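After this come two complexes, each holding chain A, first together with chain B and then together with chain C.
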Partner chain A sequence: MVTFEMISPADFFYRNRDIAGFTNPARAIFSSVRELVENSLDASDQSRVPSEIYIRLSNDGEESSEEADVYKLRVEDNGSGIPPRHIPSAFGQVLFGSKYKLKQARGTFGLGGTMAILYGQITTHKPVDVASSTGTTRIHRYKLMIDIQKNRPVILDSKIQVNKNRWRGTMVEFCLEGDYPRAMAKIVEYLKQTAVVTPYANITFVDPKGRLYKFNRVTSKMPRPPKETLPHPHGVDVETVRRLIQITKCRNMIDFMKTHFHRIGEKISHNFLKFAGIDEKKDPRKLEPDEIVKLVRMMKKFEGFRSPDASCLSPLGEDLLKAGILKELEPEFIAVCQRRPSTYSGHPFILETAIAYGGNVPRKDDIVLYRFANRIPLLYDEASGVSWRIIKSINWRKYKVKPDMPVAIMVHLCSTKVPYKTVGKEFIADRPEVKAEILNGIREVARQLQRFLSKREYREKERRRLAAFSKYLPKIAKFSTELSGKEKEPDIRKLLWSVRKFEEETE
Partner chain B sequence: MKKKQSKSSAAERKTEVLTSLRNFGASLYSQMEKGNFPWIKMPSRSIDNIFYSPEFRQYVLGEKTVRRSARNIRHIRPFSQLVWAAYFAQELVRHRKTSTLRDVYYSAQAYDVPFKDQPESNSIITDLETVAGFSREECNVFPEERSAIFGDLTIEYTVPGYEGKQYNLMSHPDGVMIGPALTSAEFVKTTADKLIAIEKGGLFTRFIEEQVHKKFNSLLVLTAGQAPRATRHFIRRLNKELNLPVYIFTDGDPWGMHIAMVIISGSANAAHLRDLTTPDAKWSGVWATDIVDYKLPSVALTDVDIKRLNELQKDPRYEGELWQREVKKFLKIKRKAEQEAFSRYGLTYIVDKYLPAKLEEAA
Partner chain C sequence: MVTFEMISPADFFYRNRDIAGFTNPARAIFSSVRELVENSLDASDQSRVPSEIYIRLSNDGEESSEEADVYKLRVEDNGSGIPPRHIPSAFGQVLFGSKYKLKQARGTFGLGGTMAILYGQITTHKPVDVASSTGTTRIHRYKLMIDIQKNRPVILDSKIQVNKNRWRGTMVEFCLEGDYPRAMAKIVEYLKQTAVVTPYANITFVDPKGRLYKFNRVTSKMPRPPKETLPHPHGVDVETVRRLIQITKCRNMIDFMKTHFHRIGEKISHNFLKFAGIDEKKDPRKLEPDEIVKLVRMMKKFEGFRSPDASCLSPLGEDLLKAGILKELEPEFIAVCQRRPSTYSGHPFILETAIAYGGNVPRKDDIVLYRFANRIPLLYDEASGVSWRIIKSINWRKYKVKPDMPVAIMVHLCSTKVPYKTVGKEFIADRPEVKAEILNGIREVARQLQRFLSKREYREKERRRLAAFSKYLPKIAKFSTELSGKEKEPDIRKLLWSVRKFEEETE
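And then the complex of A and B:
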């Protein structure tokens, strides 16, 4: 007999933890660190205070299975803190969060941090400890577990402590099964790349062996925060409009368009409704289902809308990107580029690229690619990402770049909707508009590198040329003197001087 | 008994070499003294400037020249190396010292004009030959390979420590190595009236054992494969200074044939040099015709052999009737034979029967 049942979102992600990046013990521990760190970074972006993040991973003592140990993970930040009434849900309920707004953030689904805690719970059956304060006189402490079947937090214990120092921030601690030895390299790489795109953060990591990794801030300047934005008509679907007409206070279509969509004024609203054949005076609440569908279709077709502005985005900016790369890679040469805002399917995006040469840039047999999206590093599936394929398609010899050179390229995509191919933010799908921007951005910085390399090559050649003349001319003089049986060597100072002068002329 | 005196041919050459080297240095010196970058012009040795000269009966360089200037960054290093090589040669000749191509490669390092590798060093020595107009052997630089001579020839050494000392080349039954001391020696006297050059060591020894030198009144030279330049020059001297006709015996294949040809007409690689050839020397065998006439045990020609024969057929040095005939014959019978093949008729057959017949044929 067939039976039917319903499962909760928590249950769904419990059953499908692979898609959120919890495939195996090594990957799970990496994803847990990453999700908590990203929550902390989001929280300090919100409070506009340069981040202080402390991460500690320790052995919990008991061995649980052959390929995995039990670890205790603790992440502490100085971010915004969480209003006390939301703390249990923020950590005990999947798909609950504060980042559903139309503005750039690292987290998106109300999923990441909670998934990590859920994973900890299902592998160790231990509760999570949370302490948070929004900077008031109190600190709120919770001991929580997740009721997976109901997707609800279960509060085991809660305490209120006096906040003498007016600490603001959040501390999360829980146990999970993981394989640190195999995750170690990726975690450290992740933190290093995070330091590149977050040059205003102090990040401290103590690993299970007691090793200390410190990434220090080089600036206290933070990128301009994103502003929440209205949806762009090109990116809207039927469901969005249906919800809007339920809550709107507008009583005609002109106002409706102006109030609920991105960058629509009187004139554009008028033009669009005429184009769509919709009565300007129509009460939006009276739109029939087929009229809603028509409205959405026409919105996608109409070309008279202004393109989305980028105030909902928070790119790093050329100066900060440069500062981050300089601090972590100490390259000999660096070029950064922020492209003008652009859009794909109604979603605004900004692309930032950088190229670094020499210094501590790793010397592989290929270009090193650092991929970032909304200021988080993407470490897995590099070869599937669009950036890698673009790099491979470029003829690098044109830019004087040889495979054995230490060259690193950073590609940073900021968008209200990053076109990830999977839930576990790993790589970016091909969108023609995004692809074109990545290509242009890389070309822009590559050209600058080429100028640097040519100049250096020229200088090096010039140096070798001079060295050759100053080494060999005297020898020719000496041996000719011996050969001809003359007493005194000819004066070649003028000749040597003439090659030198030539050098000055051409530089 | 014939007695030839060619006093001081070697000594004269030495003075000429020194003068040439000195002039080379002096011209560079005066260029620099005038405040100019030194430069030289020399005949180009590229393929398109190598021609066969029927007049000289050897390859020569054409009109094309190359200019090397110390002003040019690509030339400055090889230019310095060339001037150094000239200086080095001058020292060698002056102090009557010899050295090898390998020595040259290493010696350059002591003067901080190092060569990348042996071929680079060798090519600079060839430049020196072109500029100075003398072979490297005359500049006292020798390759490693050595060949040998045996027979009644008395020579007088000119090398330091042996000046004036005389030596008869029959004194050692293995023959005497044709090295710098011998090539710089003067000829005093000989009873020989011909010279037989032999490609292979085994046969050279057999000839000595069988007293070919006595029976045929001959000097015997072992070329040991392709004859080194010093040996080619030496054969030329014996031919010119002592009027000895030269007969060359090689294997019966395109390679042996060409060993003879290089002794007679020289090689394209030495187009910038003179006095290495012996145009009147004769190739006496083993011919393709001999393979047939003497019914020699033979093996089939390989593809490489056939390709080589086709090249030789078009080579201007092979225009002569004998050469064309033999090349065609080889191509026709498609077989080759080694000198040792005569052993099938007994070890002495080659000396008792073949050699007299061939010498008679050539005379």
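And then the complex of A and C:
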């Protein structure tokens, strides 16, 4: 007998936590830190105050099994804070969030933070503690659990405290099973790479052994915040248009196009509707299903739209990217590049790349790749990501890069929609437009590295040549003198001095 | 200003279709075929009748853009059929399904089929047609759309037809945007591999060009169906136990353990509760949160539970696996292996492996890997899967396998819970227990191939030796005769005959 059943989204992700990055105790503790830190970074971007993030992971005393201990994780930020009425849902309900806007954000799924809390609950059965203030005279504290079957927060306790110092931010604390010893390296690497890509953040991490990791800001300059944007006509589907029709106040198609889509003025609206064969005066609410389909198809075909502007994006910028890399890797050579805005299926994106050589760049058997998307590091499944495949396809000898050289490449993709292939935000799907930009971005910085390496190679060769020369110079001078029949040898010291001078100049 | 919002699961997957395998028009058409075929195979497994599946993909006349056309996809099966009252939800509601039972099934997410229909809707705005009968006198037909924001089916039309021939099964037909030319190779490969792992199915596929692909059954024997099972105490978490407590009718812990968990009798229940320090007479409904946590932890630690039996699994079996491979690849040599049931974190699994050599096995630069999980082929992201990494870690020279040889390896994992890393069911996460079984399974069949190749190599060498021998035999005979001072040469024909005989024997 077959029975049918409906499950809640919380229940779905509870049953399928592998796909959200909670595969095992080590991975779970890494994902929890990561999801909360990213929420914190987003919150401080919103408040336009350089981030202060404090992370504390402590042993909760209990040992739960051979491979997992119980830890208490606390993450505090100075971000925008959460309006009190939204606190229970923001932490106790899956698919509830503030990030469904069309602009760049770290989290995109309304899932990560709650997923960490849900994982804590199913492994320890303990509530989460949340305190938050938007900077008013009050701090709101909640003790919550999640009703997984109903996808609802259960409020166990709530109180209001006086906010004497006008603190603004959010604090989350909960217990979870995890395997810190096996997750440690990844967590520290994650924070380090986050520091590279967030050079305006102070990040403090106290680990269960009491070790302190501090990543200090080198600048208080923050990237321009992203603006919310309207959808680009090349990126919409039938469902989007259907929803717009339901809410629109426009009573004709000219206005409808101008009001709800990105960078459409009177003239483009007119040209497009003519191209699409749609009556300009038609009431959008009276479009039939097949007319909506036609509208969407014509939008994809029409080439007269302006390309999306990048105000909804917030790339790091060459200076900040450089500052971040110099701070964490102290390389001998660095080149950074920000590509011009581009689009894939109507979603604008900007690609930033950097190459670093020497210094603290780890020397491995291959190029070290740091991948970032919307200012978060991607640490898992490198081989599946598009960037790695592109790096592998490049003939590095052309750029004078040998496998044993300490070379690191950074690829940073900013977009309103990062084409992740997993909920766990591990790697980026292949999109031809994105691929082309990554390739060009890497090539551009690689060429700069090539020039640096060539120059160095040339100097090295010259130096060796001159060193040999200076060694034999006295003899040569003597023989030449004899050979030419002259009596006085040339001033060798003068010759040697010019050799030394070359060496100094190229130092 | 930050705004907060709750979105429906349908809306979540609509916004994040990349993670469900609907990345681009080519991938979308592949995923749609696949999800519906898998639902059909599950439905005919339920009805215990060898599957008859008919797939038709036809051009819907409209061209939607440069890279995508509109197709109509129709999939028909002779499966168990869907009870009429569940039809609208089964096709018009995300996370509604029949597969949340603890037994092996192809689909596990209650998502795939509806996701395909949702994708069709957002690209063509057309309803889905469904007809189904459980073999009664009636066929129920529905025309449906999905209200994505509410995650509800919208019934546009429904009718009841007389089921004259007592047809049983389900038919689904809907339109979607896709790129068939680019998806074709993957779809055909998918059906071929499905035929390998489902040798009792008749699969017919008519493609948009009218080409007919037929995969005929070679047996009507079906694998033993999986039984629904109770959770094994090693595999449960706090949430599972909390839910059991809410519904249990047991009034003491001894009964609670016996009733709700896998393979626990009076004695084991007694031993375990003693080990855990929990009162046998305690009413389970009165367990405090921290007692539940303790119970779960003790369940994970207790070593006296019986290991899960494999009745909830439905592996293919060595004979059927062999039949499927022989049918589709016609190899020169084949070895199959079914490992004994094993478990990872309380989930039972069985691993089946096979190795095939020669015949129609494609000759590539490397071993060809066919991956299956719960009798479905996994085609994407091979490099990320655990099997590929294991194959790469094996020293194949030891097994006399060279890169240019036509060698194929099949790995089939059956489990109540396949640790997929994506909703798109592309590849399997690393689990040490699973990894060990895959390695051992591959080694076992590889050893058999090695024996075959060694034997062949030996024969080849002997043959070459004897060929050389027979060439020089007359001369050797002559010289030896002279050397030994004998007068009559030995009968060379007799000697040559024995050489020929060896050759024939080893043919």
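The definition used in the following text is that the second predicted complex is superposed on the first by the 471 of 507 C-alpha atoms of A that agree within 3 Å, B and C clash if a C-alpha of one lies under 4 Å from a C-alpha of the other, contacts with A are read in each partner's own complex, and residues count from 1 in each chain.
Simple rule for what comes next: a contact is a pair of C-beta atoms (placed from the backbone, for glycine too) under 8 Å apart; a residue touches a chain by one contact, two chains touch by 3 or more.
Bear in mind the structure is a predicted one, so any value in this text is a computation, not a measurement.
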Touching partner for A:429 - first (chain B), second (chain C), both, neither: second
Touching partner for A:365 - first (chain B), second (chain C), both, neither: neither
Partner chain(s) touched by A:125 [first = chain B, second = chain C, both, neither]: second
Contacts of A:483 with chain B and chain C, given as first, second, both or neither: first
Partner contacting more residues of chain A (chain B vs chain C): C
First, second, both or neither for A:303, with chain B first and chain C second: neither
Shared chain A surface residues [contacts with chain B and with chain C]: none
Partner chain B, residues of chain A touching it in the complex: 465, 468-469, 471-473, 475-477, 479-486, 490-492, 494-495
Footprint of chain A on chain C - complex, ascending: 2-9, 12, 14-16, 18-19, 23-24, 46, 64-65, 80, 83, 86, 89-90, 93, 95-98, 100-101, 108-110, 121-126, 148-149, 237-239, 242-243, 289-290, 292-293, 297, 300-301, 381, 383-384, 419-424, 429, 431
Touching residues on chain B, where the partner in the complex is chain A: 21-22, 24-26, 28-29, 32-33, 35-38, 70, 73, 76-77, 79-80, 83-84, 86-87, 90, 111-113
